[in-house]
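Heads up, there are several structures right after this.
The same chain A turns up in both complexes below, where it pairs with chain B and then with chain C.
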Partner chain A sequence: MSEAVLEGRGITKRFGGLTAVSAVDFTLRKGEILGLIGPNGAGKTTLLNCITGFDSPDEGEVLLQGERIETLKPHAITRKGIARTFQIVQPFPSLTVLDNVTMGALFGAHKKGQEVARAREAAKDKLEMVGLIEKADHLASELTLAERKRLELAKSLATEPEILLLDEVNAGLNPAEIQVAISLIQKIREGGVTILVIEHLMKVIMGLSDRVIVLHHGEKIAEGPPREVTSDERVIKAYLGDKYAAMMDKMS
Partner chain B sequence: MGMGAVALILLPSFSENDVIRKWMDILLIAILAISWNFIGGLTGYPSFAPAAFFGLGAYVTAILMKAGFNFFFTLVIGSAFGGMIALALGIPILRLRGHYFAIATFGVAEFFRELADNLRITGGGDGINLPQITGGPDYFTRFFYFSMLGVAVLAFLVQYFVTRHRLGYGLVAIRENEAAAAMTGIDTTKYKVIAFVLSSVFPAMAGGVYAYRAAFLEPIDVFDILFSIKAIVMTMLGGVGTVMGPIVGAFIMEYLADYLWGAFTEFHSAFLGIIIVLIVLFIPRGLMAIIQELRLKGWRSLGPILRSNVQRFKV
Partner chain C sequence: MTASPENGANLLEVRDLQGGYGDVQVLWGIGLDVRAGEIVAIVGSNGAGKSTFLRMLSGVLPRRAGTVFLEGESMEGMGPDVVVAKGISHVPEGRGLFAAMSVEENLLMGGYARNMTDDELGGELDRVYGFFPRLAERKNQLAGSMSGGEQQMCAIGRGLMARPKLLLIDELSLGLAPRLVEELCGFVKQINEEGVTIMLVEQDVLTAFELASRAYVFESGRVAMSGPTGELLENPEVKKAYLGI
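Up next is the complex of A and B:
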């Protein structure tokens, strides 16, 4: 089993009376794709926010290669090599596609003193990779949703992360576009990036992840290989609903 | 750009003093507009603070020159002092956004005016006298013109440099989407404070030149919020976030105001107001942006561009 690159220990985040994430432990191992699933409001995005510094956990710690990072600000975490995409894409709307990605290449991990010209070249490579190079001169606001999702991916890749956190990169895409996105994520992993992916679509999570963590009402209710987890009765009930659980029963 | 610089340097050798004075005013407004562009245009934080730092610099020069210090030395001290105050103020107020930030910067200018009104060292509401410059009108008109030109060139070059380097990219990213900017690794707090400091040092320096030229300062004169408003309007007219925008805007606005004043003495403010409304309505991103877009798409697209700008207001 390969080494842990990112670890969460007892992460808890409360918003007023609501405990969005409750004592969650997780381990992300080098080179793997870890799926994070759960129904709406399960606390997936909040957990991601706690890892990336957008929320600070009330309890628990986040360890990046053994170093605590839960008190760092988002930019500092990016510079340490953790990149993320947002569920609702966050482009720089009135800049060109190339400029959008250049930002990541200028300021990302280990980029102190990076020059603009060199960052633009690096950005072009990433656009090539996600298949947006022919749109380099378009404004980000002119892209379709699928293209904007790929832009979001290119932008975070340009920061040269060791760990990539993907928050529903496939939401709102059609089946053909999803296929493209899946092979892209696999390509990124082959490039040596460790990936944590939040996903709603079971088909995607089954095909992509090596392991899966299931959150429900902020708590981790299951963890393991996708096949195992999805046949866990608690998971089926929590995630897919009682009706689906009954249907599965009938089928088996 | 080079030609413009040469023209500005040669201007005094073939112009009457009143034309030189006119251009001195244009340069002053251009400096304020360029400065506003750092924080308001590039970074997207609408600041009313330029007037505050203009007044601050003016008073630093007045107080130090009265104490016998060299004029140019007071400019350095004034801008450094302005930068330091901006640093101290920027850290708390740059946590605010949008209207809240705008109101806070408005408060900064008012605060300094009250301070100058009530302190003994500033002469309070009675104002403060500076040592008079020696030499004839031909000499001192040119002296102040070149001083102002020097500050303007400095501000312009710094802006030019910033927009082409990491810093400028980072500022634009903050304007476009602050959360996403942080996520690409930009230390947004640090960058915003740098932009605020840059937007303060040049007005402070220009304030010093203004003070020596005026030879007498009153709080109400130099802490006039109109300086900030002019800077914003001119940047918007020329092109927010562009290098040439503030200068083009200042030039057009000053001459337009002059012309309107001459042609419609009684209603010139009203006409100026109407023109400002038209700018905001039809070319919100300024002349430079329109010119760029027309170059890209051809003159025929002028109509559609203006129409699409107006359509932003449809509910």
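Up next is the complex of A and C:
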């Protein structure tokens, strides 16, 4: 078993009377893909926000290679090598696709002081990777929703992260496009990036994850290999539903 | 409810519809028919023009060429308000709720274009709450504070408030947990059984084919294939290009 690169210990986040994330522990091991699933409103994005400094947890610790980071700001965390995408996409709408990604390259972990021309070349590589290179000169506002999700991915990759957190980056893709997306994420992992992926598309979760964590009402209700988790009664009841569970049964 | 056209008669006829954004032409002559009482699906890759097509049907985007007939009447020159009043409601991709308004206020906005009396609006609200009891429980909650599944129910409910003959739904399953997709499909079937014709744009091709009796496959702004969903499911090209099998 490889070393832990990112750990959460007892992470709790409250909004007024609502406990969005409740005492969640997790470990992300070097080189793995960890799936994070759960009903809408279960606290998945809030957990991601706590890891990346967009929310500060009320209790608990986030450890990056043993160093506590839960009080750091988002930009500092990015420069330590953690990148993320946003479920509600966050492009610079009036910049071109290429410039959006160039921003990521200029900003990222190991690129301080990098010249724009080189950052632009790096950005082109990322656009090539995610299949958006033909749209490089379009304004971000002209992209379809699924293309904007690809742009999110390219932007985050351009920061050259060691850890990549993906928040529903494949929503809006059809089954054939999902296949392509799965191979892309596998390729990113083969490049040495450790990945946490939030997704409702079970095809992505089952096809990619080494392990899966399930959140429900802010609490971790299951953790384990994908097939084990999807046959867990609580997970079926809270998240998958009977029809999907029956489909999985038939496939096995 | 307004009188529904007889089941099986053509409710919507689209001929050679063209349009796009700025200099970019997206649709290159779409032709299709929707019969009263059906659920019809539109599938295709990203960028194929599916959402653009719905926007042009509902008048949100201008139609550059071609014709659309609703129950035989040309919809030429009709803007979104008239289209809603004529009987087409559009549930947009990403729901488009008024986040800072309550669930009930969102629903009432849906009835606005119909110039209904308070009594009539109340009747429509009851009907929507009948379909979605969870919206009734949450009617005073801010729409933006609800979970994704509840927001989708609210968006569909808002569309129903205008008493549509044809309900356009763009990406029913987007960002929703599998259990919720199953639940929402049940609602869509129920709404259809109550007499509302439905046109569904959906990336989850299997879910779309299960709900719909017929489907149109869009490719680069044109109809590449169409037919009963059972037949399309067996089509090797569809399997390869859209199901990834």
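Brief remarks follow.
As a convention for this text, the second predicted complex is superposed on the first by the 240 of 252 C-alpha atoms of A that agree within 3 Å, B and C clash if a C-alpha of one lies under 4 Å from a C-alpha of the other, contacts with A are read in each partner's own complex, and residues count from 1 in each chain.
Just so we're on the same page, contacts are C-beta pairs under 8 Å (C-beta built on N, C-alpha and C of every residue); 3 or more make two chains touch, one makes a residue touch a chain.
Computed from a predicted structure; not experimentally measured.
By the touch criterion defined above, A:Lys73 reaches chain B but does not reach chain C.
With both structures placed on the common chain, the touch criterion links A:Pro93 to chain B but leaves chain C unconnected.
When the shared chain is aligned, chain C comes close enough to touch A:Ile178, but chain B does not. In the superposition on chain A, A:Leu145 contacts chain C only, with no contact to chain B.
Of the two partner chains, chain C is the only one touched by A:Pro39; chain B is not. When the two complexes are overlaid on their common chain A, residue A:Leu106 makes contact with chain B while staying clear of chain C.
Look at A:Thr27: by the touch rule set out above, it reaches neither chain B nor chain C. In the superposition on chain A, none of the residues of chain A is touched both by chain B in one structure and by chain C in the other.
On chain A, the positions that touch chain C within their shared complex are 37-41, 87, 142, 144-147, 168, 171-179, 200, 202, 238-244. The residues of chain C lying in touch with chain A in their complex are 21, 24, 43-47, 51, 93-94, 147-149, 171, 174-180, 182-183, 203-206, 240-245. Residues 52, 54, 73-76, 78-79, 83-84, 86, 90-95, 99, 102-104, 106-109, 111, 114-116, 155-156, 158-159 of chain A touch chain B in their complex.
Of all the residues in chain B, the ones that touch chain A in their complex are 164-166, 169-170, 172-173, 176-177, 179-188.
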